[in-house]
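Just below sit the structures, each encoded as structure tokens.
You will see chain A twice below: alongside chain B first, and alongside chain C after that.
After this line comes the complex of A and B, so read on.
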């Protein structure tokens, strides 16, 4: 059976802003695609197939695959759309990987995008949930996250200041990333004193709404090293979407979907001590407290031990395992692109193309996606070819 | 061949297609289709290692539309899952690639839609450019009318020739237990039916429908010996330009390309002779004639003569839509996957009263976008 070794060989992203009035959606996509092709010294003629994703109800465009052709370059090419909410970007990335690994295509362009300035984000997200049971109670994204944060803090004694430390880290890292939306450092006090949105989540704990797009080229072994001198090889993926009703979710158990996904991924890739064996992580952390409980779900430390890891600087640039050198989601959240940006940034780190945000000597990188009803996707990339 | 010769379809399931299923939620319909597909394959959900759901936020009126069916298809059991937005033939292609990648053995593909609670005009208006196209009121009906007019003008096709497709497919549907509209119509009935968007008349148009469908695709060696095993011989898909003005709507260039890819893999040189039955995306009567041409059953402009000669009738050389097609029931998103299911049933000899004799090779076809902008073609066989 066909099984192609597959690598990311080129990446591109827009300069992300809260509102990109200078471009429409198709032009935004085109900006990311053009930069990606330039990164790989490719032309659109080199691309065999395209996969694209976003969340329809944000921009109100139906059939985005067929609408996007002039921006994606998929004219007279195969294109499909995949979409799973916040995890859309990782779903797009995983699809790009599968399409190349299948042997059906050699070079696949994967695109995630969102123009949140054209959306009523919370209203749209609210429609994801069951109209009878969940919509009336848990409107939008932030309310569920607030419950999760509160449950973690109560059970493990973590504080709002511990959570703020995550936001301080990501916002500091974002100053190194020329593409990030929020490129201004904030202090613990700034976070603590920012307006309360949904207790215990305050304004500076949480991601912004962003206009942005990301594009990535996946290539088969035959082409990967010809296009990129240090490709980022895909060593494993996992996608766990086990809940659909917020009422079913186990609020105290630190993102069970991430525990399931990372366990499966580590088993596939032979990773036993993630903190030691992984060099950098790009995580979809849409708000600060996720940077505590979810890294426990990833097995970086035991239950309730994440705050110490944060305060010790283990996850800062220069630490043992830097998390979100790009500034992550708290600095930029163009939703359909966000989880693909994590994969793209992880690939950039493996390729050694991170510039000021580069972590030295990255051989192994992990990217995550988050969305839907507390769903998790993970992707592992390495500088070495899979066996 | 890219390894597709190792892929088999071993389970199919579909709900009855109905104008309205008031008792069923999205999840109820998906669960019924999945249960039938698992029963058909003689499998349990434990045998499935990954799932591809298929839905559309606009048709479902809810974003992250997969959330409405995830429980019903087994996502709660922690299986790896993804969602394709578009026609089921495209999601089945992705489900096949997930197996070919070496990641999985058995993919469950599920589609659902409830046209009964959807607003077709506004939802399909949402396909078009919001600045230049939506304000002039484009939707799936009036753009199809434009395409039909252009097709008739360019190739001298008559309204009667288009109407013959409707007569044929509705007659075929009488023998399909899953079809929604089971009624005999004459050519006069079609020609005299209410004008919807000139030159489209009511019986040229597919109806509004509710329905779900599921297939199980396997890459396991043992699946090749499964009693239901239908081999995948080739798949291709391709998209044309977006703005209607950028295309000559009379020609299905993207279908031509998609079919070429599928035929190349399946080593088909003369589709009219080598394919025994075809299930194509006849959302409107004229489309079936256009798709004959795009699929290479005849030369461009030859669709009218093909139907005149009865080539695509049940007793013709290449019966098209023995199930009755979409004209007899059109759950969007699900539509193409039902075409694939029907093609598999024909190859298996399990199509019941609408079985075509001696089918070795069958074609299934799905569409995304307005006026057939993006096409997916499957060739399956013994």
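After this line comes the complex of A and C, so read on.
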């Protein structure tokens, strides 16, 4: 149980690109941290502790916590590094929350970053699979996601066109986000005609690889409203990291870890009808078909009903529940930052600081993280203080 | 293409890390692989508490954290739960694209085995089809002692 009511009071992110040769990793982190401190009108002296995360193999640097202090500002401060694969960013966020909610620190800086341009992304991701049982057959992220999409489409009758609708939505939303990497709209035809990578996933169905960083400040009740006039209060988190081998996954179902995590989160926050009660979602959807099956896992509709929700525009800007106003992961994927960007963007929506990507009147926002072997993290933020 | 910041050319420092690893398979996994090698048989472990049958075998149950000591033989054939036709090339995988990766629920098992599917045209592969292990003639105690699974 949380001892301290905790809110996000400031956020910052880099301008994300496929490669940012103008900065090294430390300087990239610095860019996000500086913008975050500016957002909260804070200085580094206000920060009590730092959490940082990325995936070691993308940059080949194994002591990021100490290496990056010129970027993070953690000189002579408590700092820990966490790495949980794709969920790294949400784990970083959850750690930041834990450190404040536990009463240990009042203002914690949480940082996620990645410089994916610096190595072979597929090779690095392959190190996340078990070396004896999975690695020789599965390589990289795409084939692992493709088998999930195949199973969902066969069981529930969804089509590649239905999936393409998700990519079209996220890429359209990205045009409103000045920080996004891919800011050009694509059509259903563009997605359908893009090269097949691993059936049924095509090039425009999947996320890019990105250089980028994100930083967020978590603050206790004593400081939250002094720093931010409309803080994004954390009303609950849940993390479910169930499997280690790909073969353990339940291919008959839809992301069971997300079903378990969201059910637990909704119970904590008293949410009964997520589609009606939540105003916006920032979801870690690394490829288009996830935007169908995983929103079913989140309880937005029944099994096999997600395509209709998509085509009816329910999840578009202006729809009942806009998903990924930022453009999401299909537009920007700096992996260690990706899930923290979801939390950060959800907070931005609650704070009302979204500019062109702002959804009107957001009181409740949900952010998700995805990683490893079909793991899920969720975070619920509100404009009102938890009881 | 070189990037520039105003007139400043931006450099990248090229390097490479090549590290050899020897991963321990462990007693449980070694027994499984030696059964492939010596007897062309697929053995699994069964959790004494929740009855889950694991292929590949596990020493500890994922679901209830019980120690597992019981071995059961499973069939070398089963159902293709899902698959993908991989069309991108990577030096990390021995095969040349396009090739098929599948997840196979062997008869008698409760978890899927990740493996290659071959001996079938790519447009004829279907979720739910039955497949059977094709063993290598020369086996060395390795997951690829099963060369692939073929439809039956």
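Definition applied: the second predicted complex is superposed on the first by the 385 of 387 C-alpha atoms of A that agree within 3 Å, B and C clash if a C-alpha of one lies under 4 Å from a C-alpha of the other, contacts with A are read in each partner's own complex, and residues count from 1 in each chain.
Here is the rule we use: contacts are C-beta pairs under 8 Å (C-beta built on N, C-alpha and C of every residue); 3 or more make two chains touch, one makes a residue touch a chain.
Remember, it's a predicted structure, so these values are computed and weren't measured experimentally.
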Output check: A:142 vs chain B and chain C. Expected answer is one of first, second, both, neither. What do you get? second
In the superposed arrangement, does A:244 touch chain B (first), chain C (second), both or neither? both
So, does A:196 touch the first partner chain B, the second partner chain C, both, or neither? second
Of chain B and chain C, which one contacts the greater number of residues in chain A? B
Tell me the contact category for A:3 with respect to chain B and chain C: first, second, both or neither. first
Applying the document's definition of touch, where does A:348 land relative to chain B and chain C: first, second, both, or neither? neither
Looking at A:91, would you say it contacts chain B, chain C, both, or neither? Reply first, second, both or neither. first
Answer with first, second, both or neither: which of chain B and chain C does A:60 touch in the superposed model? both
Would you check which partner chain A:75 touches, where first means chain B only, second means chain C only, and both and neither mean what they say? first
Considering only the touch criterion stated at the top, classify A:99 as touching first (chain B), second (chain C), both, or neither. first
Looking at chain A, which of its residues have contacts with both chain B and chain C? 60, 131, 242-245
Please name which positions on chain C make contact with chain A in the complex. 3, 5, 10-12, 15, 17, 21, 23, 25, 29, 55-56, 62, 81-88, 90, 92-94, 101-103, 111-116, 127-128, 143-144
Applying the document's contact rule, which stretches of chain A touch chain B when the two form their complex? 1-4, 55-58, 60-70, 74-85, 91, 94-95, 97-99, 101-104, 124-125, 127-131, 237-245, 260, 371-373
Would you pull the chain A residues touching chain C in the complex into a rising list? 19, 21-22, 60, 122-123, 126, 131-140, 142-143, 146-148, 150-151, 154, 195-201, 242-249, 251-252
Using the touch rule from the top, collect the residues of chain B that touch chain A in their complex. 2-3, 6, 56-58, 61-64, 66-68, 70-71, 75-78, 80-86, 90-91, 93-94, 96-103, 123-124, 126-127, 129-130, 219, 236-242, 253-254, 257-258, 368-370, 373-374
